[in-house]
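Down below are the structures I want you to see.
Each of the two complexes below includes subunit A, the first together with subunit B, the second together with subunit C.
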Partner chain A sequence: MWKIIKNEWKYYGRTPWLLGISVGFVLVLFLSIWLGNFQTQKQTERYNTASNELRAQWESIDAMNPHNAAHYGTYVFKPANMLSSLDEGVNSITGNVLRLEGHVQNEIVHSEASQMQTISKFGKLKSSLLLQYIVPILLIFLAFSSISNEKRSGRLKLLILQGAKPISLIFAKTLSIWLYGVGLLVLTIMAYSLFHLNDLNVEVLGRTTLLLVSYSLYYFIITGLTVFFSARWENSTIALTSMLGIWIIWTIFLPNILMSSVEKWHDLPSRNEFKAAMQEDRSKGLDGHNPSDERAKELEEKVLVEYGVDSLSQLPINFDGLVMQEDEEYGNKVWDKHFGELRKVLASQKKSYQMGGLFDPFISLQNASMGFAGNDNLHHQEFLVQVENYRRVFIKMLNDKHAYGGSETGDWGWEADNEFFKSVPDFEYKPTALASVFPHYITDVLLLVGWSILVLSLIVFGAKKMQVL
Partner chain B sequence: MRDLTIFLYEWKHFFRNPFKILAVFLFIVAGVYGLNNGYSLYQNQTAEIEKIHEKIQTEKEQYQQQYAEGKLTDDSRPWIDMASPFWAIWYTPTYHIKTPSPAMVYSIGQAEQYGFYKRVTFMASPYDADMAEEIANPERLQTGTLDFAFVVLFLLPLLLLILLYNIKSAEAEQGFLPLIEVQTASKNSWLISRILFYFLLVTSVTIGLLIYGAMLTDVFKNASEAFGQILLYTLLYLAFWSLIFFFILKNGNSILGNTLQMVGVWLLLAFVIPAIVHQSISISKPANLMTEFIEVRDKQEELYANDSVFERKLIDLFPEITKTTAFNDETKFNSAMSNSAYALVNELNKEAIRPIEKESQDKNTLIEATYWFNPVTFFQNKFNSIAQTNYNDYQVYRDEIQALIDKRTGVLIEDIWADVKVDTERYKWYSESLSTAR
Partner chain C sequence: MSMIQLKNVNKSFKGQPAVQNLNLQVKEGEILGLLGANGAGKSTTINMLLGFLSPDSGIVSIEGMETSKEEKKVRKLIGYIPENVNLYPYLSGLENLDYFCKLAGMKYSKTELHEFLTRCGLQSDAHDKKVSEYSKGMRQKVGIAIAYAKKAKVYLLDEPASGLDPLASNELSEILKKLAADGATILMASHDIFRVREVCHRIGILKQGELVKELRSEEVSANELEKLYLEYMTN
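Right, the complex of A and B next:
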């Protein structure tokens, strides 16, 4: 079998058009990595400038009432992920700017896609675009006539007479073409690593290894299936057109149709409904600016008893700060409920979409690629949760300062000093660890393995049914 | 061989090829599915707009009732006085809506990236968080919805490829080509006739789909011009691909070679070139983080901190206020001044928005400059434009919102300084007049 593989590779080396395409393709791959890397750098520069500017603005607050500062708020920008140069995932669609302020959990806005006209329906020139869409086509063109040509030329008979087993022949042809795809993958990962030598760590290596495994499995599926068709049918054109048809259905047709369908199966609320439901729940609670409602009354009684005084004016603290924090905590429950439900719907959509991998391994590859690159919706949601957790700490610090900083109830003119504002920590994004999210991608990897086993069985079946004479 | 005979033979050839029939069938299925996706979004937006109209109506009626009953304040919030223009306008519910065009059935375009309704207030701006898109799964937005435009832009060339890939090369490989040359006056006209057959076949299928789409949203009644334009650009696009494939088929004599070239050109035009352009524009002009817009908050603080600067800026902006009663009445001056703050904030917002919009416009200019070698993007944006789902349509929508904010703050300043007392009639006027920018 290894002899056949070696011969095949010798043939590739002697085929000028294939060499030309390969060299050209490798150059485009390197270009995509270089451009992707350059874009991430530019985006990171912009991110750093904006973040530093915002922090400087916050730290330059001389004196301000803490509640006014909660309304003044701050902003968090979504940082670029290092693996974005391989697969950008949902990053150009999701927003980049998130306003953090009191009383409300805002949504991330100002996506890159909304800042210009449409350009590419399939995204930027990232390695993922080439590896997901173009390489499989190359593999199909390499494989579709691999066996049928041998049949037509009569070489197959000769090989069988010389002792080669049909199964070994088909398997060797599959492996030799598959290795070509894997070679391109390895080159991509190596080039990527060269650009990020200083940033390589276990996390990045783990993610890139999983990317390599996922793509390798998909390439095996594509190659194996094409070689199977080539062995099954006399006419290589039928093998080619069938595989092109399958490629169109898998790559263009099904992902779109399935993604649109899952959103219908698991309905998301309209923005209006979502806001109205939160407002409804929120209105049942405290009004941060109006300490006269029922909940405030209860809180007032509790605090008066706690401090052993009869009226708010006798309190050594600023009751308004407590009311606002209580309101904030009630609000947090409301956000958790509604945003939590939203996340549940999105998770259900994702699970249903992942099951689409049963019919279309490209779906599993796309999910795994975005996920292992850390740029899918799951990682995006993780980022949003981290920001919201920070907002809660941020607002609590301001409310606590308002309550215990030295002012009295009703004193809205009291101001905290610059030292306090400097002491409020900045948001620090901790990239989601692969280990914590890996279980979400097991379905995708298992489906790719399942498809590979199926293709392997087809190859064995194809070898048995193949007419040699 | 006469053209009609070639057409008849091609018809027979087509009907005897299940693979080609399946391809046409799948194309029709995708087209119908895409049109229904467009229709579904059109329906959802229309239903949401209907709900908003109902909500506005209820709110308006509630406030008009308050005016009729003379209940112009709220016991729990005694500072509210709806007889004053400030609070009356504050409580004038105004939404600006981007009504979807019936042609949306053909191209969803960028419709899912932007909001299509906006509550206009004094503090509003066209770049507020509520201008964000409807809640949607980002992965779905990334994958893109399969709409009719997608079917035309990406699947139509593939359908054509499947229908044409073996024309002439099959005959060449089987050695019939010299025979055909003898039978036909010209090899090229034979090839053109065969391609023309499929061109007409795909045209008929596309027209059928366009008519089906038109029936879903009443395009003929409400956007007949859009129908004509979509048809024209679809045919141009089809002709463009037919021409490319004609040259490949004319110069090639092997099925594999021709298929490879056809797929290669398709990948180049549909994937690689747009992706390179996208990447280059992202590098030369990375996503704007809206820092100019964020800075308004500090400029606002600076404005409030200095009364004389505030007054000077307000007078520069509205010189006519110096002749009003409130300006010359010490008891009313301060309140009128503080209630005018939103007009100045609006100006700060507009100043901040200008460079942001310029950057977006520069990106669009760059995109348009690539159209000569990036035809798929050209047709894509053309379809979006016809369906009014293009960036520029949303820019017009944002401009309209800004005009409404300007009008609102303008009326606010005029009435505050003229010390207008708002009654039922004036409130009705606010309700009607502030909803339109004219």
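Right, the complex of A and C next:
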């Protein structure tokens, strides 16, 4: 079998047009990595600068009322993932900047897509675009006549007479073309690694290995299926047309049809509905600015008993701070409820969409690619949760300062000093560990393995049924 | 003992007979030429000998082994030269020979490979040229070298002289005679009456799958053979 593979590779190496395409393609791949890397670096620099400036502004607050500071708020920036230059996933549409303030959980804004001048179906030149769409096309063009050409030229008879087994022939053709695709993949990852030599760690290596495995499986599916068609039909045009048809259905139609269906099956509330529902629930709670409502009264009675005093003016603390924190905590519960429901729907959508991989391995590849690159919706949701957790700590510190910092109830003019503002910790994003999210992608990997086994069976079947004449 | 033997062989495709009650024998060192028009059953006969087609009835055997039952063993004995020997155009003649030999499980040194090609009539300055630069005759010589290097006992040739210039055709005849003299058994299907008459020891005329005439080549001149052939074809 290796003799046939070696011979195929000689063909790739000695065919000028193929060599030209390969070199051109590798250059475009490198360019896409460089561009992706350049963009990621620029974004990181921009966000670091903005983040540092904001922190400096925060730390330079001389004296301010903590609640005013809560309204003044701060911003957090979603850091660009190291693997963004391989697959940016949903990052270009989800937004990257989030304003944190008291009373409210703001939406993440400033998405890359919202600032684009032009819109392309396939987006920017990214290595994921090349690896997911273009490499498979290249593999189809290399494979569609691999066996039918041998048949048409009469060489197949000669090969079989010399002792080559049909199964070895089909496998060797599949493997040689597949290795070509894997070669492009490895080159991409090597080029990517060169840009990030200092950042390579076990986490990144684990993720890139899983990316490599997922793409390799998909390339095997595409190559094996094309070679099978080439062996099954004498006319290579039929093999090419069939495979291009499958490619179009897999990469363009099915993902879109399935996504629309999944959105219908697991309906997400519209932005307005979500906001209205949050407001509705929130309005039932405390009004942070008006301590005279019912819940505030209950809190007041509880605090007065706790401190053994008769009126708010006798309290050694600022009751307004407690009310605001109570309001925050109620708001957090409301947010947890609604955001939790939202996450449940998103999780159901993801699960249903994942099952689409039963009919379309491209769906599994896309899920795995975005996931292992750390740029899918799951990782985005993890980021939002971390930000919300930070917001809670941030606002609680301000409310506690307002309550226990030394001011009295009703004293909205009281100011905390610079030392306090400096002591408020900055947001620190902890990238989601692969181990904690890997179970979410097992389905995708298993489906890719399942498809590979199916294609393997087709190859064996094709070899048995292969007509030499 | 006959190396090639066909006994009461019948083969039809979709009810249309391609070979009917065919009986043939070719002995070791003998060259048999099969003459016939297109669709006479020459290629079907060769494909049955190659084991790519099974007869509907009758026995097709090489060295006593039925081709449809012991195809692997039989194929080791066969060298096949089609009308167009389609080699890999991006490899040289030498590389093609090396590749096909390795597929057959035979490893030769470069010197040996050069010797095979030279012996089969390919000029030494062409050995390392890409096959894409070869003429049809040169490719056929590499095809014969592949069979020769495989140590084939039986050579099956399907229209080997078709499209060759007279010089190349003559060279091919000489090579085949030499191979037969060395003990190879050759069955050659052709339209070329004169070439068959010149090369083969015996000649069979096939018409609509039936062997209508079998004779020794020394029994007739080329002109007589042509006359005889045309008579069979027109009647």
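Here, the second predicted complex is superposed on the first by the 466 of 469 C-alpha atoms of A that agree within 3 Å, B and C clash if a C-alpha of one lies under 4 Å from a C-alpha of the other, contacts with A are read in each partner's own complex, and residues count from 1 in each chain.
In this text, contacts are C-beta pairs under 8 Å (C-beta built on N, C-alpha and C of every residue); 3 or more make two chains touch, one makes a residue touch a chain.
Quick caveat, the model's predicted, so the values are computed rather than measured.
Chemist: Looking at subunit A, does subunit C or subunit B touch more of its residues?
Modeler: B
Chemist: Using the superposition on chain A described above, determine whether A:154 touches subunit B (first), subunit C (second), both, or neither.
Modeler: Second partner only.
Chemist: Who does A:129 touch here: subunit B (first), subunit C (second), both, or neither?
Modeler: A:129: touches subunit B, not subunit C.
Chemist: Looking at the overlay, does A:248 come into contact with subunit B only (first), subunit C only (second), both, or neither?
Modeler: first
Chemist: Check whether A:3 is in contact with subunit B, with subunit C, with both or with neither, and answer first, second, both or neither.
Modeler: In the superposition, A:3 touches subunit C alone.
Chemist: Answer with first, second, both or neither: which of subunit B and subunit C does A:146 touch in the superposed model?
Modeler: neither
Chemist: Examine A:36 and indicate which partner it touches, taking first as subunit B and second as subunit C; both and neither are also allowed.
Modeler: So A:36 only meets subunit B here.
Chemist: If we overlay the two complexes on their shared chain A, which of subunit B and subunit C does A:11 touch? Say first, second, both or neither.
Modeler: Once the two structures are laid over each other on A, A:11 reaches subunit C alone.
Chemist: Would you pull the subunit B residues touching subunit A in the complex into a rising list?
Modeler: Touch list, subunit B to subunit A: 19, 22-23, 26, 30, 33, 37, 44, 48, 51-52, 76-77, 109-110, 113-115, 117, 127, 129-146, 150, 153-155, 158, 162, 165-166, 255-256, 259-260, 263, 267, 270-272, 274-283, 286-291, 294, 297-298, 301, 359-360, 363-364, 367-368, 377, 380-381, 384, 390-392.
Chemist: List the residues on subunit C that touch subunit A in their complex, please.
Modeler: That would be residues 47, 50, 52-53, 75-76, 78-80, 82, 84-88, 90-91, 95, 99-100, 102-105, 143, 146, 150 of subunit C.
Chemist: Quick one: which bits of subunit A touch subunit C in the complex? Just the residue numbers, please.
Modeler: Those in contact with subunit C are residues 3-4, 7, 10-11, 14-15, 153-155, 157-164, 468-469.
Chemist: In the complex formed with subunit B, which residues of subunit A make contact?
Modeler: So the residues of subunit A touching subunit B come out as 28, 32, 35-36, 38-39, 42-43, 46-47, 50, 53-54, 57, 72-73, 75, 77, 89-90, 92-97, 99, 106-107, 109-126, 129, 133-134, 137, 141, 145, 236-238, 240-242, 244-245, 248-249, 252-253, 255-257, 259-260, 262-263, 268-272, 274, 290, 292, 342, 346, 349-350, 353, 366, 370, 376-377, 380.
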